[in-house]
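Lettered A, B, C and D in written order, each chain numbered from 1.
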Amino acid sequence: MSGYTYPKFGAGLWHFANYIDRYAVDGYGPALSTLDQIKLAGSVEDLSYVDVPYPFTEGVTVAQVKEALDQAGLKAIGVTPEIYLRRFSRGAFTNPDPAIRQQAFEVMHEAATVVRELGANYVKIWPGQDGWDYPFQVDHKNLWKLAVDGMRELASANPDVKFAIEYKPREPRVKMTWDSAARTLLGIEDIGLDNVGVLLDFGHALFAGESPADSAQLIIDRGRLFGMDVNDNLRGWDDDLVVGTVHMTEIFEFFYVLKINNWDGVWQLDQFPFREDHVEAANLSIRFLKHIYRALDKLDIVALQAAQSEQNPLKAQRIIQNALLSSIED
Amino acid sequence: MSGYTYPKFGAGLWHFANYIDRYAVDGYGPALSTLDQIKLAGSVEDLSYVDVPYPFTEGVTVAQVKEALDQAGLKAIGVTPEIYLRRFSRGAFTNPDPAIRQQAFEVMHEAATVVRELGANYVKIWPGQDGWDYPFQVDHKNLWKLAVDGMRELASANPDVKFAIEYKPREPRVKMTWDSAARTLLGIEDIGLDNVGVLLDFGHALFAGESPADSAQLIIDRGRLFGMDVNDNLRGWDDDLVVGTVHMTEIFEFFYVLKINNWDGVWQLDQFPFREDHVEAANLSIRFLKHIYRALDKLDIVALQAAQSEQNPLKAQRIIQNALLSSIED
Amino acid sequence: MSGYTYPKFGAGLWHFANYIDRYAVDGYGPALSTLDQIKLAGSVEDLSYVDVPYPFTEGVTVAQVKEALDQAGLKAIGVTPEIYLRRFSRGAFTNPDPAIRQQAFEVMHEAATVVRELGANYVKIWPGQDGWDYPFQVDHKNLWKLAVDGMRELASANPDVKFAIEYKPREPRVKMTWDSAARTLLGIEDIGLDNVGVLLDFGHALFAGESPADSAQLIIDRGRLFGMDVNDNLRGWDDDLVVGTVHMTEIFEFFYVLKINNWDGVWQLDQFPFREDHVEAANLSIRFLKHIYRALDKLDIVALQAAQSEQNPLKAQRIIQNALLSSIED
Amino acid sequence: MSGYTYPKFGAGLWHFANYIDRYAVDGYGPALSTLDQIKLAGSVEDLSYVDVPYPFTEGVTVAQVKEALDQAGLKAIGVTPEIYLRRFSRGAFTNPDPAIRQQAFEVMHEAATVVRELGANYVKIWPGQDGWDYPFQVDHKNLWKLAVDGMRELASANPDVKFAIEYKPREPRVKMTWDSAARTLLGIEDIGLDNVGVLLDFGHALFAGESPADSAQLIIDRGRLFGMDVNDNLRGWDDDLVVGTVHMTEIFEFFYVLKINNWDGVWQLDQFPFREDHVEAANLSIRFLKHIYRALDKLDIVALQAAQSEQNPLKAQRIIQNALLSSIED
């Protein structure tokens, strides 16, 4: 027995779905219903929260979702409206057709309702189809205005609900409108409402060329870190690999920044195990995250901060390797 | 009237399909049958060839495809076995399960048969699921051996058919086995057969960090350029954008290298117009390619070669800009 | 004779210097004094402005620089304090040592004085050594605070002078503090002074994964576009190649956005012709920029804006190709 | 006391030099002579080998170098001719001027002599100025021929000496001729001599988009791994950071591949600690490499190979994390 009281762990419910892409057009496995996915999530050790996509799969009701979550010992942390399906493929907030923009708003208002019904923390807004593909395709001034004004309108209409924007540089669009931490914070300044914040995805920050730790600090300093999730990638794409399989040091720095800022939310997974066992992927991830948690406990923070006040990377690395690699001093 | 005799233009038949990805899981448009796609292809001005994926969509026969091609005024340049669908999602040639590898061979042998029946030029081999996703996932020696030995076995068994390997750095796998021009040529050396060559995709070369012109020269110098296709991207991903929309100079250099080597095959499109009109995308592409063809005609090759013998980029650029930037509206 | 009244062209004076890097440690050519560089700049056809690094090379005075500029028919558009030399190699604004930060302020105050003396438009601030190299090296909150507070202090102390921050993702630091358009604007919001703005470098925006046209619009919309310069690269690094040699379409879109916003400043070169003739590099660049200017004149802006209101890239591309690909030899 | 017999550790002698770049043109520290650098190298614990650049700094003789190495308890593993200084800035093997190519050969022949005199293992060939910067700058066929023929000529003339080509995608050239593992092996096939091989730099492989472990296997399988060195980077550039500070898992996989192939050469550092204490940077690196060595000892290779035979990344990661993170099972 470890004696540690670990943070709460969560996952996007899609961690337990099967995927499809432009090549394996018959999918990497059979389609699973929202309820099936919840059941699978429930079989992960130490998972407490899920982020639930909305609309649910065909025929599934909120009541059924509630019950399934209860039976699985899970709670909803967020609800993610699917504003990236076919009808929104040319944009949700920034669609050139006002009628489609209206449809997107309706889905998002419904998602806000589901947040209230499930007692979740936020609507997660991930406008992956908002952006452009080609030079000269859009009027940049107008596109950004649609994005910012739309978000303001949505959040004003639901002042009791939090909206967490998840930025990403690209995919499925060649360029996404909300592409980085700084751009998202700039838009949030313009929106001027307290209930709009950021869902910081570790892998998206890496992919955006950011230091995820620096992005976390920047967002926290403006009081906007509504949620976060983790995974891994090779920096050039949003691979959504299992956390800890590539960037051990940078995930450690990310959680270090959360710790020193007393950010105590859910440690959430956003992973796409295309070809892997979904439950085992989650278990391996949580095993790694617990290691990170213990390493933070072992970390000599006073010594690290002294090294950082000199901006001395060699001293800093020696200290963090001692904690992260445990027996490296042997 | 231009007075030019243009090269033959072709396209992957998927240019006229609708797509799906991990977000728009209901697809960017309704599914289209192989025959529907051929009909659409036939409506493009100046298109003469298509590369046909195999198996065809449900219920479609070779005879029907033949007839549809005839009616559309098209010929098959190649046949592409779909060795990247669900059952091959953990690999075709390099699948850890020998039974699945066997199934992949069967599909490819059938594709060779279709090549013979349609009078096409080659089986295009694009093993997008062959590779790995994570550090430590595979035994690299064994994986490469499976890839090379499998290709040799396939080509030996069909000595009358050409096999054109289309390399790409990644996607859908995080890392593809046949990832670059040089690696593919190295494997082809080891295979040691005349009927294995390369399908050089301009965008894949850019994405691989190559100069597509240099890759073309390298492949031609070994007598292995069996086919090529073009498109565009932002270098960081295989965006499959419309050709000429981003990299005008580099596509011009690519075709310049083909010209001075007297390579006279089909100028083929490999594009995924997710949100665009497929026929108009092809028309715009061919309009641009004709401009390139005329620009090559205007290019002062003697002066360019003199500049290149000094490796003088300023002289070279002055010369090529004179040719490239003259009117597209001819 | 063309009949066009072209914009004013400028260049960083370093365009006419010789360079050094970590491999060719004896330099790509002999060192040239500030005055030598001005003389070379004067020999470029159609060059009107230069951005002058400060301190000048050994022994050169402001009076001499003034006279040399006059004789060369040039004016200073900006002055660039060299806050990236050895003593600032661990940072200028963000150096861990307050004494070094003080030295950096002194150099920048002197640069402000030189701006007044030369009648230039701005001090350009390019803090290339401000940032970090390793995970865990710095306290991100503190580093950003040093960067923002320092800039505010500098600008407050010189309210009659403009300060233009030139952002770049990295180099020489592995990560620069002012790394993107949005982050820079966010910092400028926090600074809260009218005399702090942005020097937008086309190549830095590309390197940052931005659309330079979109970045220009964003900065203009906040009234902060104090200057700009152009060049080219392959997106993965700040190559400072000759403008127009790689990204013709995107440079065209960049100038299109400046035009529709009536931005009428100097079209400035920031290029490093390591191995090329410096004057010829500038001449070729200006020849290309004149082509862009004429192409903007030919561009059917009404039709383009209609295409953009539909976000239709195929229509937009057809229109812009008609304008861009007409003859450079006018 | 650990009880382990560690491998021999080495470093490029430039690890102990001071650097210069295009911004800090006065250098990151005072210039150090070859002999100064050797003295510093000698003060690193557990360093046994250095790779020595040639020509030595002004006035230093081979005899002095020999003596200095002896006194420092070091041996030369290789000699690196500086074929990237000013006179070779437009290329060494591929320079358009035959007289400059001749000068490059002379320097390399002299380096071969120094290898013999110092009893080193190889001449390291790093032709960083061989390549191109712009589209259309070079005739690709001719450039590659110059590169391959030149290397053959050099190696034929010195059959008793090994030549190890160190490939890198780019820098200082925008594109280097020997840019990847596969391209280098392809050229070596064409050269057809036993004394030409590869110096595999871990960071260059990462930067080239390769899996360094896969590249090591490929090169070993052709009997061409003459040497290797390690460092770290963020994949987008050759940052030459301290090993283990970013990519712990991939460096572990790299050494795993060396181990299972019984490759028993020197574990060598190629790092540029621009702003750090050079000796401490080496000490921290070697501390980390010893951890890797012990982790390889703890690694359950039988279980790992079973996981790899299934290509099961989750099983593989669980196994390697147990070894790399030591106490992760707590």
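In the analysis below, a contact is a pair of C-beta atoms (placed from the backbone, for glycine too) under 8 Å apart; a residue touches a chain by one contact, two chains touch by 3 or more.
Since the structure is predicted, the reported quantities are computational estimates derived from the model, not experimental observations.
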### Message
Between chain B and chain D, how many steps is the shortest route if every step has to go to a touching chain?
### Response
1
### Query
From chain C, which chain is the farthest off, judged by mean CA positions?
B
### Query
Between chain C and chain D, what is the gap in Å from one C-alpha centre to the other?
35
#### Entry: Centroid spacing, where centroids are CA-atom means, of chain A and chain D in whole angstrom
39
### Task
Going through chain A residue by residue, note those that touch at least 2 other chains and give them in order.
90, 133-135, 234, 236, 242, 245-246, 249-250, 312-313, 317
### Touch-based graph of the chains, sorted into line, ring, star, complete or other
complete
### Query
Where on chain D does chain B make contact in their complex?
90-91, 96, 132-142, 144, 169, 175, 179-180, 182-183, 185-186, 189, 208-209, 211, 213-214, 217-218, 221, 249-250, 252-253, 256-257, 304-305, 308-313, 316-317, 320
### Task
Name, in rising order, each residue of chain D that touches chain A in their complex.
2, 234-236, 242, 244-250, 276-277, 280-281, 284, 287-288, 291, 294, 312-314, 317-318, 321, 324-328, 330
### Message
Under the stated contact criterion, what part of chain D meets chain C in this complex?
### Response
19-29, 84-86, 89-90, 128-129, 133-135, 170-172, 174, 234, 236-237, 239, 241-242, 245-246, 272, 274-275
